[in-house]
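Below: one structure in structure tokens.
Each chain gets a letter, A, B, C, D and E, in the order it is written, and its residues are counted from 1.
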Amino acid sequence: MNNVKVREIIQNNATRKNHRLDRVMPTFFLVMALLSVATTIGIVLTLVTDASKFFASVPLREIFSTKLAPLSAQPSYGILPLLMGTAMTTLVAILVAVPIGMAAAVYLSQFASPKLRKVLKPVLEVLAGIPTIVYGFFAYSFVTPLLMNLIPSLEPKNALSPGIVMGIMIIPMVASLSEDAMNAVPEIMREGAYGLGSTKLEVATKVVIPSAISGILASIVLAVSRAVGETMIVTIASGSTKNFTFDITKSMQTMTAYIVEFTSGDAASGTTGYYSLYAVGLILFLFTMVVNLIAQYISKKLREEY
Amino acid sequence: MLGVENQRIKDNRIRLKKAKEKPEWTISRERIRRRIWVSAMAKHVFSLAVVFAFVVLLLLLFNVGKDSIGWLTPGFLTRNLSIFPEKAGIWGAIKGSVYLMLIVIPTTLVLGVSTAIYLEEYASRGKVANFIRVNISNLASVPSVIFGLLGLAIFSRFLGLGSSILAGGLTMSLLVLPIVVVASQEAVRAVPGFLRDASYAMGADKWTTIRKVVLPVALPGILTGSILAMSRAIGETAPLVVLGIPTLIRKIPTSIMDDFTALPIQIYYWTLDTVLTPEYANLAAATIVVLLLVLFLMNAAAIIIRNKFQKKF
Amino acid sequence: MKKDREIVFDTKGLNLWYGDDQALKNIDLSIEENQVTAIIGPSGCGKSTYIKTLNRMVENIPIVKTTGEILYHGQNIFDKSVRVEELRTKVGMVFQKPNPFPKSIFENVVYGPRIHGIRDKNLLMEIAETSLRAAALWDEVKDRLNDNAYGLSGGQQQRLCIARCLAVQPDVILMDEPTSALDPIATFKIEELIDSLKKDYTIAIVTHSMQQAARISDKTAFFLLGELVEFDNTSVIFSNPRDQRTEDYITGRFG
Amino acid sequence: MKKDREIVFDTKGLNLWYGDDQALKNIDLSIEENQVTAIIGPSGCGKSTYIKTLNRMVENIPIVKTTGEILYHGQNIFDKSVRVEELRTKVGMVFQKPNPFPKSIFENVVYGPRIHGIRDKNLLMEIAETSLRAAALWDEVKDRLNDNAYGLSGGQQQRLCIARCLAVQPDVILMDEPTSALDPIATFKIEELIDSLKKDYTIAIVTHSMQQAARISDKTAFFLLGELVEFDNTSVIFSNPRDQRTEDYITGRFG
Amino acid sequence: GCGTTNNGDDNGDVLSGTVNVDGSGTVYPLMAHIAENYMTDVAPDVSVQVGRAGSSAGFKMFIPGETDLSDASRKIKDTEVEELAAKGWNMDEQIMEIKLAYDGLTMVINKDNDWARKMTREEVVNMYLSGQYKADDKVLWSDIRPEWPAEEIKFYGPNENHGTYEFFYEVILDEQEMVTTAKLEQEYSTLVDLVSKDKNAIAFFGFGYYVNNQDKLQAVKVDFGNGPVEPGLETIGEDLPYAGFTRLVYTYLNLEYAKEKPQLLDFAKFIVSEDGARKLAGDNGFAPLPDAIHDDYLSTLESIQ
């Protein structure tokens, strides 16, 4: 047959082929990868340049004050109200998400049959896929009115309702990451506990959770970072009052909501107010970055454990 | 032979120090029963957590669904925006969202898949790769509103793109890029080494192997991850608000340089403007239903792709 | 050996399926008090499955189905009235790979007593000491009871698991290849330990090593493809087996 | 067998390290044209490593270092001027586990011709048929060339891999335990195939089964701990080995 | 938005391109209505984009040319005129001030509030003045009239982005400091919500936001000396009973841009035409201006080629 011919064509082509693309592609992919990374650099550069203008023009004592009134005739740029608003909504969210998320994780990993788990997990994850604007609408049009019936002193804009809804939003995250950590506990460890006559609950609380604790902590840390960065729910449901208070029934503004309020109101460049956006953004960025690094460190330690 | 073995053990038998008396305690059956009961109760209590999540989900859907009844008409989908609730439609917002995706999809796919291939195929170890990897994972946790600020400073103002579709699309692309990178990395990593070996052994060079073997096999995984990333992008609001999308915009966009509105933006403004016109709440709810349906379809597509192409090698 | 010992476990017509695959076929086997019963057979023949059925650990795998009965001191362990937690307290288990909890040595040993509601520090300490002594580990760890158990060597970890098992004063100890992950010296220590434990406990041990079975057991059961081929005194099995397959196996002709 | 055949691969003083572990020690071995050369030896002795060195696949593992030379038709394959892609086109390889691409049967066979620039549909079809025939698979698959290759049985998959390898008309075929994942019938077919291929190709085959080596090979090389202990005609190796270690191995005294 | 790009093409009758409007939230409903009618009835190919960042925020974008028209619920300030001049725009020659309609500043309280339905102008001013009743500004209703409940008043209002705030602060309070307990919000929706859900709340904003929410709020009848007056389309305006709290709302146009952008000029003409502000004012809670004023504007605009 054509064997000889085919061999000739192929050998000729193989000899002649210069593999130019093969030599170019690594560079192309590296450039693309570096472009992706350029985003981080872009973020850092924009935040730092504009934030530095803010820090240059506002005294530190004012920044760490409780009075935030960027628009008034005598503007004041105290960041504490925003930190408080962020802290309070996040705290509420964590108080909702951690117990419920953990309970769901324990249920899924210890009690639910594999079949049930296969059904439940994706449905739980639906909650994580709902856009935050929808949660915002839900908080504003459903949860707040509901809560106002229970707590008469609740203001129509408050830190409680968005906190709760934010907590609901991050339940799947806590549940799924914690469950992964629990499933990573070797079966043989569980068997050891069962072999001593432990109940399922005892296996969960005395062996599985303590062994998976770093993974669980990592999930909580990531949940905190998520809650701190969440924007639309708080923008819609917690108002824009720059309150410095521990009272979660009151309206408060978070760092993220401040950014949204300010850009939708007055984003004219060149003013101290405009730069204050980037200062708040920088703080937010640094915070989530540090938190993420902590989570990575913790879960890396987890991987080393067994 | 056997006897000898046993003898050896007997000779070497360790003399246990005569333990003191056996410690005095007994196992109470009553207590065992109680422990079992507690565990069974705990199961129910913990299952409530899952039930709670379900209830919330249903409440949310019910709440939105009930408000949208009567408003979610074919006309609502095809009409243009209007300040009059009866006349308002979301055609412009739908088109805006679609245009947005038309920018996000190619940019994230090219950047994301390339980055993943670089990390997995060319530089799995090494400082540069590690730096990129840490970076990507950090980027994934940056709040979306920060991407809005980035877009505002760089795309809107520095490059002068204003609040155009291009500016919004690029901002959104950066936001979901980490998701695409991570999903693609996983997909590429899941391609078994023996397939690569088979290709190399045929005299294929690396790029040919990637193009003809690795990418086709990884494609379902990449697609699944990308669809999930797109469904994130389609629902994101904060970055667009920060870019300064105008409140009332009736012109249907025709090019990527046009100003635009998108589904989530419309939900946001209508929610705020319930004060001007109470029926805006119904418009917001109807838009949410549309958005959720789109997301549902996208997720279903992702699941179908994943199941259909799940290969066992 | 012919004296009438009490029968601790009496297995009657036991069948077990993983889904549709039958892993145990009509097993009849009785385990006697204060004896070491060895279970041998080639890989996959159902040794682990059988021993895990005795404390119903096998039920943790959802697809498992069983028929037949296992009488534990005359009581069928599959009875509704039997609670696995209680059964497992009386029937302790030691696994192939040492599996201490990631806690201190002390906490490992007193895990069982603790879940049974013992809070008294002194009593716990006493239990820990007795159990560790009985597991021939006391001298090696008495000065570092609060160290993490994972700091111990493999052989020490395995003895710790035995001590942990002894701490709840079980009646029977099941062991699934307890020395297969250990070096010869650690293995020797465990074997010595098993010999010393049998005056107080009934022991069933799965082993891959025929030498080990010959050295330490009183009775030996030979499994093949889910069936119990032969069960007799160890000396009989190794010197004068009745079944050809047993002979083929112990002379190394397969497996 | 004593005629002067051309030497296809001439290995001279080959050493190979994985990091600091030396896996091949000073190997001298020549593979002759149109012969089946079998490589045998206990697990971990370096058989796979050696055969993968012949088409430089071993270099895909970054930590590998080599010294010495391998002449392929007189040309040192480690020379800078040699491109691995070209070498591998001439020196095909079949792996232990069948590894077809998740594509159609047809696309699997024409993968090589395609990447080497053949586009003509008719020619590709012709190549596919010739190769599948040569691999004794044509009759079984000719009606379902567009079905996914993973629908084939293990033995068919392996023959498909051989066909894929034949499609680029290589000069040498390297096989690394090509039948170890297959049942006896599939194994027999592959062995027949190898026998029929050797008139056109030079074949080097790694095998765990001494019987297989004896059945199909002309020459046999026995490796031990990275060394080439003995290399001779297969008949000599199996009937009258010179080295005591070879004898011990083929009589089953170790390994 | 990027207002100065996208010039419509001059050839042909069909206008296209974009017009960017931003500024007052009070004016927003009116301007949005005008824009929608313009796009539906007059020039379907023109895209008029209306924002509502607030009057002050609007000027900050108008001055550097980021917007074409700047709505305001107060007159442009001297400082803003100076900033325009610094950019080369002379207020008298290049910037056209268009008065759109009259708005009545409305004090709103909760529906359940059955005591403060009528107040005098002095009472309204005094209650909002810092230090008037209490050093810490925690004012009780009973501080104003002893027979009113001894519960703390919750003061609300739009924030400093808004012309309404500045009108209240500069004109009503005569630039005296406002109670520090007042909470100022960006979104009018928030204010409506806050007041509708709190018995002790009081807020101020344009009449338009009140008419649209009469079911949730009630307006305080203010006594300017001749008995309590309810704000309404018949009472708002110069020389009318609610004149005390009446103000003009404006939009500002840069004529230089209008010369370059035919669609902008055309839209501006539409605003002051018979189909524009004067027709739509009432629907949106504004009192229309006398026709003559808008006819004047129209002829000015028509004189631009």
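We take it that contacts are C-beta pairs under 8 Å (C-beta built on N, C-alpha and C of every residue); 3 or more make two chains touch, one makes a residue touch a chain.
Chain identities (UniProt): A = Phosphate transport system permease protein; B = Phosphate transport system permease protein PstA; C, D = Phosphate ABC transporter ATP-binding protein.
As the structure is a prediction and not an experimental result, all values here were calculated from the model.
**Student:** Which chains does subunit D share as contact partners with subunit E?
**Tutor:** Common contact partners of subunit D and subunit E, which must touch each of the two, are A, B.
**Student:** I'd like the angle of the rotation relating subunit C and subunit D after CA superposition, in degrees, nearest 5.
**Tutor:** 175
**Student:** Which chain, with its centre taken as the mean C-alpha position, is closest to the global C-alpha centre?
**Tutor:** Chain nearest the centroid of all protein C-alpha atoms: B.
**Student:** A-E versus A-D: which interface comes out with more C-beta contact pairs?
**Tutor:** Between A-E and A-D, the larger count of C-beta pairs in contact belongs to A-E.
**Student:** Indicate the whole-number Å distance between the mean C-alpha point of subunit B and the mean C-alpha point of subunit D.
**Tutor:** From the centre of subunit B to the centre of subunit D is 46 Å.
**Student:** Roughly how far is subunit B from subunit C, going centre to centre by Cα mean, in whole Å?
**Tutor:** 47
**Student:** Determine the centre-to-centre distance between subunit C and subunit E, using the mean Cα coordinates as centres, and give it in whole Å.
**Tutor:** 85
**Student:** Two or more other chains in contact with one residue: find those residues in subunit C.
**Tutor:** Correct list: 85-86, 89, 115, 168.
**Student:** What are the residue numbers in subunit E that touch two or more other chains?
**Tutor:** As it turns out, subunit E has residues touching two or more other chains at 187, 193.
**Student:** Touching two or more other chains, which residues of subunit B qualify?
**Tutor:** In subunit B, 32, 35-36, 203, 205, 208, 244, 272 touch at least two other chains.
**Student:** Let me know each pair of chains that touch one another.
**Tutor:** So, checking each combination of chains, I get A-B, A-C, A-D, A-E, B-C, B-D, B-E as the touching pairs.
**Student:** Going by the contact rule set out above, which residues of subunit D touch subunit B in the complex?
**Tutor:** Touching subunit B from subunit D are residues 55, 57, 60, 84-89, 92-93, 95, 97, 99-103, 111-112, 115-116, 150, 161, 164-165, 168.
**Student:** Which part of subunit B faces subunit E closely enough to touch in the complex?
**Tutor:** 82-84, 160-164, 244, 246-251, 258-259, 272-277
**Student:** Under the definition above, what is the set of subunit A residues touching subunit C in their complex?
**Tutor:** Interface residues on the subunit A side: 113-114, 186, 188-189, 191-199, 202, 206-207, 210-211, 305.
**Student:** Going by the contact rule at the top, pick out the subunit D residues touching subunit A in the complex.
**Tutor:** Counting only subunit D, the residues touching subunit A are 83, 85-86, 89-90, 112-113, 116-118, 123, 126-127, 130, 168-169.
**Student:** Which bits of subunit E are touching subunit A when the two form their complex?
**Tutor:** Residue positions touching the partner: 53-54, 56-57, 60-61, 63-64, 66, 159-161, 183-187, 190, 193-194, 196-198.
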